[in-house]
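Each of the two complexes below includes chain A, the first together with chain B, the second together with chain C.
Right after this comes the complex of A and B.
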């Protein structure tokens, strides 16, 4: 049984919930948690696709900012160590993909000398 | 730097950058479509729909390759820093080019059945357990989702809302997306196409990205850490400081602090810009303000605050001069805390 219809339905539900979160956040929440957004409306259109995609993260940050529960110092701690690991992981993955991918190449039938197929016996 | 958000903060540099980028994209597509079909080694006849799809796909790959080269190049050689500026517009344009490639594919290979094109794409090949004949399309779908996510969260609002570290972690998806794109290409077009031009473009581009990233990572590993002494961390000898510039040191917890010498006095702020965590210590002070070399955000080194009406702030640190060396207290002050500058007496003991 194919999971494709279920996956497409899931994505539609995800987007639908995201649209609800976008409406609530852009019409009400954003003015409460970001002073730079007050009185600024045109840019909110550009924010909608991001909310549709990562609305759980939006809800989490919205709650954090409302509750003022985030550590202020965390904002100034660049993720340099993870950057090195990410670059290393990407390079290893690419090397493996290229090696195994090119190893799996097959000759196009046009390059193979034709063979007469015998019948009988 | 912003007071109120606007859709795009245009300035002459961004117009110039985006203009060059658009001309580059148009030139790439034109060359691919009209100049080099033979050189690209299309071994079998293809129709215009597929040709267009390949042109936009190759263009998206090339743009992604260039984007990923800019970061390590700027770390290895500061002369490439101007390319880093406005890189987000480059990423958004890449997402649009990649989406155009996907549109051509869906409208040709999956358009002639009773199923929806997306369902057809997901169901056409499910041989995930093998390399030869692997459904490479799904790798392209993954990469396109990543690129769309990065483009959709590229506005400065997202940086401030998510905080730079969370935003950066989210945007690390670019590495997974690029690896997926390489897989999409190697398990897709390169299974059949052995033309030198195509193979050089894709495999050479991927190799360049890997080499540059590994070189930048290797260089970063060599950065020395400040020496802790009685709770304070030694930054550098007093003689090492230059007027208007900073010395950067790594604190025991991995954070970096930039200690500036301005008008003969020392001030220390976090090295990470509040915008995208750019390296403030690599900027120069003009009128008490240090300018981030990545995107031009400015801070007063004496209190870590951007000049009014801007509202960005970074943490400050306490500084002292002792035994001919400069030390910082590794405990950061809350962002925007004013700290009295400490006179630098060269040769102090």
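Right after this comes the complex of A and C.
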């Protein structure tokens, strides 16, 4: 299987698992971990696309909240120094990706003319 | 309490910060404008390919040939598409018409849809179901292909629909993912040659011996490549049966 069909297959599997997680989480899990969501249903449809994309994170947070193992205080701490470094690193990485991407870009090989290798039958 | 000026969005800007804010604002606007201009001028010209809705719906009759990508050899044309011409077809979106055309192989069929046109290259996006293609009365036969020999070409493998005008740009690296999705959907692939081959710079590209585009070619779509293969003239269209073992990035 070449890269393109592999990518399509990966996205299909990812989306399929995400759909399962979305069904399970929105039909059952969200009521267990968020009391404000109980009795509210329309908004659940809106977050299906997000769950399809980041379902591993949803599962992880769901497990944290179920097990009460998450450090809830950490959610209210100001942006940490590591975040600043990560933001800087990402900015530099984006600039480098653009630079190397443009450097690796091919030029249209206009000077290579078609050549008949063998005559037709 | 600190005397340092503090900016609050809904209050007038403090005197000590105004100069800095004006300067930062001006630099931000100029920087964004300059970045937009730089990105714009760095892009290749997408060309003049487009859907030709202004031509209206095109309906012609011809003989269906599978290369394996379906072609129509026109027997009864109209003002735009003349009898004797040969063209490719696609369905709406990123889909080909293989399933609908296969039962009509070698038979006379009426096809109807909207044209996509880029220079000498054009394609018909068929209407849905039997409104797009159906068996028709009349006679005709698939013209005998003319073998033009084995060629070494340089250029780019594209999906024929986007290249013809469904997308702008319809080729190049920025379009690679779209092109591969179209090709996976059985849209006919087209090879754009650096220079005309027997008068045409666009060739329908297939695998060897009447097979579809080889899987190996998908990784090279939208990049500039050199490749060898057999060129045959099917009606007015050139068909390039590529040899995947010779596929390489252009130097």
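Here is the rule we go by: the second predicted complex is superposed on the first by the 77 of 121 C-alpha atoms of A that agree within 3 Å, B and C clash if a C-alpha of one lies under 4 Å from a C-alpha of the other, contacts with A are read in each partner's own complex, and residues count from 1 in each chain.
Following the convention adopted for this analysis, a residue touches a chain if its C-beta (ideal position, glycine included) is under 8 Å from a C-beta of that chain, and two chains touch if they have at least 3 such contacts.
Since the structure is predicted, the reported quantities are computational estimates derived from the model, not experimental observations.
Engineer: May I ask you to decide whether A:13 touches chain B, chain C, both, or neither, giving the answer as first, second, both or neither?
Structural biologist: Once the two structures are laid over each other on A, A:13 reaches no partner at all.
Engineer: Determine, under the contact definition given at the top, whether A:27 touches first (chain B), second (chain C), both, or neither.
Structural biologist: After superposition on chain A, A:27 lies in contact with neither partner.
Engineer: So, does A:5 touch the first partner chain B, the second partner chain C, both, or neither?
Structural biologist: In the superposed model, A:5 contacts both chain B and chain C.
Engineer: Per the contact definition in the header, classify A:113: touching chain B only (first), chain C only (second), both, or neither.
Structural biologist: The answer is second: A:113 touches chain C but not chain B.
Engineer: Please name the chain, chain B or chain C, that touches the greater number of residues in chain A.
Structural biologist: Comparing touch counts on chain A for chain B and chain C gives B.
Engineer: Name the contact category of A:46: first (chain B only), second (chain C only), both, or neither.
Structural biologist: The first partner, chain B, only.
Engineer: On the A-aligned overlay, A:57 touches which partner chain: chain B = first, chain C = second, or both, or neither?
Structural biologist: A:57: touches chain B, not chain C.
Engineer: Identify the partner contact of A:87: answer first if only chain B is touched, second if only chain C is, both if each is, neither if none is.
Structural biologist: After superposing on A, A:87 lies in contact with chain B but is clear of chain C.
Engineer: Considering only the contact definition stated at the top, list the common interface residues of chain A for chain B and chain C.
Structural biologist: Common to the two interfaces on chain A: residues 2-5, 8, 102, 105-106, 108.
Engineer: Which residues of chain A touch chain B in their complex?
Structural biologist: Touch list, chain A to chain B: 2-5, 7-8, 33-40, 42-43, 45-47, 49-50, 52-54, 57-58, 61, 65, 70, 72-84, 86-91, 93-95, 97-98, 100-106, 108.
Engineer: Using the touch definition from the top, list the residues of chain C that touch chain A in their complex.
Structural biologist: 42, 146-155, 173, 180-181, 183-184, 193-197, 215-216, 218-219, 221, 223-224, 226, 228, 231-232, 249-251
Engineer: Flag every residue of chain A that touches chain C in the complex, lowest number first.
Structural biologist: It comes out as residues 1-5, 8, 102, 105-121.
Engineer: List the residues on chain B that touch chain A in their complex, please.
Structural biologist: 2-7, 43, 72, 116, 118-119, 122-123, 131-132, 148-149, 151-153, 155, 157-158, 160-166, 168-170, 172, 175-176, 178-179, 182-183, 186-187, 190-192, 203, 206, 209-210, 213-214, 216-217, 220-221, 254-256, 270, 272, 274, 277, 311, 314-315, 332, 334-335
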